[in-house]
Amino acid sequence: MKKLNIGLVGYGFMGRTHSNAFTQVNNFFDLEYRPVLKAVCARDAEKARAFATKWGYESIETDWRKLIERDDIDVIDIAAPNNVHAEIAIAAAKAGKMILCEKPLALNGPEAEKMVAAVTKAKVPNMVWYNYRRVPAVTLAKQLIDEGRLGKIFHYRAKFLQDWTISKDLPQGGAGLWRLDAKVAGSGVTGDLLAHCIDTAMWLNGSIDTVTATTETFIKERKHTLTGKVEKVGIDDASLFLARFSNGSLATFESTRYARGHKALYTFEINGEHASIFWDLHDLHRLQYFDHRDQGAVRGWRSLHITDSDHPYMKNWWVPGLQIGYAETFIHQVADFLQGLSKGKIPGPSFKDGLATDYVTDAVLKSAKTRRWEKVKKIK
Amino acid sequence: MKKLNIGLVGYGFMGRTHSNAFTQVNNFFDLEYRPVLKAVCARDAEKARAFATKWGYESIETDWRKLIERDDIDVIDIAAPNNVHAEIAIAAAKAGKMILCEKPLALNGPEAEKMVAAVTKAKVPNMVWYNYRRVPAVTLAKQLIDEGRLGKIFHYRAKFLQDWTISKDLPQGGAGLWRLDAKVAGSGVTGDLLAHCIDTAMWLNGSIDTVTATTETFIKERKHTLTGKVEKVGIDDASLFLARFSNGSLATFESTRYARGHKALYTFEINGEHASIFWDLHDLHRLQYFDHRDQGAVRGWRSLHITDSDHPYMKNWWVPGLQIGYAETFIHQVADFLQGLSKGKIPGPSFKDGLATDYVTDAVLKSAKTRRWEKVKKIK
Amino acid sequence: MKKLNIGLVGYGFMGRTHSNAFTQVNNFFDLEYRPVLKAVCARDAEKARAFATKWGYESIETDWRKLIERDDIDVIDIAAPNNVHAEIAIAAAKAGKMILCEKPLALNGPEAEKMVAAVTKAKVPNMVWYNYRRVPAVTLAKQLIDEGRLGKIFHYRAKFLQDWTISKDLPQGGAGLWRLDAKVAGSGVTGDLLAHCIDTAMWLNGSIDTVTATTETFIKERKHTLTGKVEKVGIDDASLFLARFSNGSLATFESTRYARGHKALYTFEINGEHASIFWDLHDLHRLQYFDHRDQGAVRGWRSLHITDSDHPYMKNWWVPGLQIGYAETFIHQVADFLQGLSKGKIPGPSFKDGLATDYVTDAVLKSAKTRRWEKVKKIK
Amino acid sequence: MKKLNIGLVGYGFMGRTHSNAFTQVNNFFDLEYRPVLKAVCARDAEKARAFATKWGYESIETDWRKLIERDDIDVIDIAAPNNVHAEIAIAAAKAGKMILCEKPLALNGPEAEKMVAAVTKAKVPNMVWYNYRRVPAVTLAKQLIDEGRLGKIFHYRAKFLQDWTISKDLPQGGAGLWRLDAKVAGSGVTGDLLAHCIDTAMWLNGSIDTVTATTETFIKERKHTLTGKVEKVGIDDASLFLARFSNGSLATFESTRYARGHKALYTFEINGEHASIFWDLHDLHRLQYFDHRDQGAVRGWRSLHITDSDHPYMKNWWVPGLQIGYAETFIHQVADFLQGLSKGKIPGPSFKDGLATDYVTDAVLKSAKTRRWEKVKKIK
């Protein structure tokens, strides 16, 4: 088995999901490669060391530049906040490293373009952690669409609803709260949550042409954990847009962190001429499927329990009826990446795919300001 | 249009559902007959009069014997408590009246046998108000089974759960509470709720051969509204049994008024070789259907919304998506009864069907005492 | 009991729902007034007569002007297509008749303004049949909001999805299909379905300030049943918009007849600071309610089965657990109208409310053309 | 960190779930002990070696006696078929090893008694892999009951429904199919599936006094993979029983592998005076909770999404809204076992608990033969 040495940047929530995937993938998938947890990098050496001990990283670094310089690192895995993705990724590409980068790819399209240029020039394998593509139910949705079961698509609707920032007392900035700091996160729910919805949507339904959007910041000021002062909130708390896809279908997209009762309710529905599909992250192991070609009197939405061996990825897990969870989506992504290495063809979402999503979020944020329909920039 | 003169005995909850059905049926079904609300009978003249005014009955009686004697009455509709069903029905049969009788048919099998004998001898049209057969979803279940879609049946399970008698302060006896008085009701949930489950079950899945049961009275004494004294409770609060059907399938049946959170949760599920069906009174306009012959990856429980014109009875109502409720099941029964009159063939549930159910409840109550499996008596 | 003589214009789907309400209301509600089915009016005398026989109307008219002239008519009930609402209502108002009018009130705001002016001048009781306000679950939603349980509102989302016009072979125009004929219907789903969503939304959440919309006609040409020719389709098949309410909340609205798998899926959700509410017409007897003030570990969406005596309207029906359906919403509206007559204060939705909704649909249709945010006209 | 050397017997489905738990537990729980995958034992050396490579076991054995003899093994983990549990466990106890044993503990009560005697005498830590106790939703159910939220318990109902053996062509015996071979499995669904239901039930609701049961073998003969001959099927395909708990509550239990449409539908519901609970393995991350003390009009079943940090075990995983799956229940059990070692008090289910469950299944199988109510033997 070939070893693939991982150098992880970041040790937060995403550092954990990635590490978990690297350590488990070979227990469930037959692969030519085995990831080796070579080093974790964080500015705080103590925290890096604690993380390394926990997850079994062989060494630590406190400067990501040193990590990239190391010859014993094959893959740079970027699990640091959004504002450092570009710098790290471009340096890693120059050093000829493979790159796995957390989403969103960059703070905005122009920054992401440079990242795409870097990996293209360096010809290094690259991937963005839009993990929801690899929920088995979502992958099945993709298969059903590709088989033509839905026919012409009329409608797409997606939302990602949370409620964890409703309290005025929640500060911005700092460890778990950098997502509320516009300087670090780039945007609010648009880049954090809608980006997921957009990546899935374009994967399933093709490119988006135009959007009209509105955003809102419900709580205008919050204490900043780093400065200790009450500061203006720069992120969008809610972001809603209408869209038209290139295939003629119409869409609504919505994201907010002010939807009481929803923790991470990412849902999408797609309505085609013949069939429709609905999925919901809160019950991620199910797919709702309606097929109009079913016989009339017994036609209805089918609740598919995606735990059978003929469902995507599921033959590698347990037995029918026994569900997997969120963490496994990252394992699937690593498995596909490693198989891609063997085959010489890395599957998406590539940096280019990440750029395409950033173009949409750029257009959304722009439309929210111009109050007009905006065209989405296309990758040449 | 032919008139069919109705004489109703009783003015309670069931008196209302029946009256509602008689008054509405011709607005929704094209029929040769039109029910005419000729007379309502109750011991309390004032209450009878108020009911007559409300629903449009032309006259009242305070003695059901007089009602039966009247020449202008075609149908005696019995909506009085269980302990008077037999006497009234037998007298009505002798007088040559058609009879619609609330369920359960009688206090027990032997009493019901006499009622069957009476209507058989008199050759009068007869029906028992087991209304749930005519929920469109339940009727569709019957059709799917009759079409052979389920194949060999392995399992049947039904329950009817309520929670309205948990309070110790609830009295027994009197107007709305005669269901807690064993002398009037005959039994508790066995005759009141399980009887519904059993009627549906035998209609869908054939006869029941043997049962083993247990019953319980959780609150042993309650104040009686008529005597004003605390008296022993004679009814069963809960009744559970296992059964074997003649077709070899196995069943669980359960009913209780001590299932917190359930108001009238009548559900049944039937598992066949090829397909399964589930229904639930709390969402009566839906039928859950699973067909194993669906293609593997998209096989799942279908939630059928029974509001289409190709669903039983539904072309007579509104448009797809718009549901009907509980009251309509009685309208369907009247419609079928009237069509049966025109065709010369009254559909079930007949008094014989009601007797068959009483035989099962008799066996259940007996088994709860003998603590043995008991054979269910069969109609010769 | 006081008699209230009804003169109905139209005999289609809505003519049936109204007639059913008039005939049933006194069986379930204690009221001072009793509607009398005095006359039904339709151009086709034969059809009018058949309808009158079915529902018990005492007479027929073939010209609505004659109906309005009759002294024995107290209420003109308009259940005819949208393009004749204004003319009939204005004439009826001049004649001093009370008016019940199907929704949408008019083809557009300016036309509706004249209707409001007419009933205002004539001081006649008036109401629009936005029946969904009187689904008990929706009425309960209103009560919960009015009690302040939700706190500050952040989000509103509504959709009304159908799939009955996907086939290219479906013609436009004629009896059941005038909703596809722009000349008769005014607009497509915007006036037919979104109008319902908007009426409920403004009732629950206050007025809408601005909208940005897009509409689409998927099938551009359809055979017209009256001309026999293939003609351009003038209606919108789908209509989506983003909105901002006066209270600062953000909204998505969507309606389409191209959402495969949905028959009449009208849903709304409202997210407040403390609590959220979700409702769905396909299971209209349920309300989903989430209250953040519930204790942490047992906090969750509650599925309320709206069949208890302490739920709006429900003490008038059956017993807990037994659901009502679509038709009862019209009965509730008639009951409230009749109680309003007794109290001298007619409850909404009034013609003014209907105008407010038309102003929103006007803004939606305008925005779909201008591709800009449009302000919604407000009633002075 | 202290090392705890694991010796695993068996390499099938359960061997995988246990190994996965051992390798992951320290990544998610802060523990004093770290399991070390010292050796896996299987008769087939090649398969043992492949399994060891996959999961990282340091060595293999082909005779479990040798494994037990090894000084470098602290824990014997029995993941072999039921018919060898007793022999291995008793030998392991004599050798002073800690023991983790798959469920059911033994082929029957008398055999299990010897195992209990052995571990009692040897005073070795012991546990049975009834993993469903450690689904967070189930653990929460236990907490809610222990807090007295349900009040007096009236009803318990559990079922475990599958459909994978309906085909007549499925053979018995051999690798994945030993569960159909009575000699190896002891019984059919009674020991395989009902045992899970019984373990949870007694944990939540106390001991079971008496049962009346029926079992069925739908397919009487199947080809045996080892002999190649068609042989009589000795297992029960379905097993149903009624029970009375010591606390006075009544119960239905049912298990089958002939319930079309259900893969592993383990559900339980418990109805108390004040509150009720429902859980379902097909959506294991949810708990349905009804509390009658909620205010009337907003009282309903709450769908709890068990992914918050104040839910059992969940603070160790991801963020609210992101679900875990089946595999994590084994991780929880290992975590609790290791914490128990540190505290000197091993949590259940102990071998004694496993024996208690075997006593119930013995009574069930006996009742199915005697056709009488049978008392359940109690542990002295």
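So that you can tell them apart, the chains are marked A, B, C and D in the order they are listed, and the count of residues begins at 1 in each.
Just so it is clear, a residue touches a chain if its C-beta (ideal position, glycine included) is under 8 Å from a C-beta of that chain, and two chains touch if they have at least 3 such contacts.
This one's a predicted model, so the numbers in the text were calculated from it and none came from an experiment.
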{"item": "Centroid-based (C-alpha) most distant chain relative to chain B", "value": "A"}
{"item": "C-D against A-D, pair bridged by the larger set of C-beta contacts", "value": "A-D"}
{"item": "Computed distance of Cα centres, chain D from chain C, in Å", "value": "55"}
{"item": "Distance from the mean Cα position of chain D to that of chain B, given in whole angstrom", "value": "42"}
{"item": "Computed distance of Cα centres, chain D from chain A, in Å", "value": "36"}
{"item": "Two or more partner chains touched - positions in chain C", "value": "262, 301, 305, 308"}
{"item": "Of chain D, residues touching chain C in the complex", "value": "140, 143-144, 289, 291, 294, 296-305, 308, 310-311"}
{"item": "Chain D partner contacts - residues on chain A that touch it in the complex", "value": "13, 17, 19-20, 23-24, 26-27, 54-55, 162, 164, 262-265, 281-286, 305, 307-308, 317-328"}
{"item": "Touch list for chain A against partner chain C, complex", "value": "150, 154-155, 157, 159, 161, 163, 166, 212-214, 216, 218, 238, 240-242, 244, 250, 252, 254, 256, 258-262, 271-276, 290, 292, 301, 371-373"}
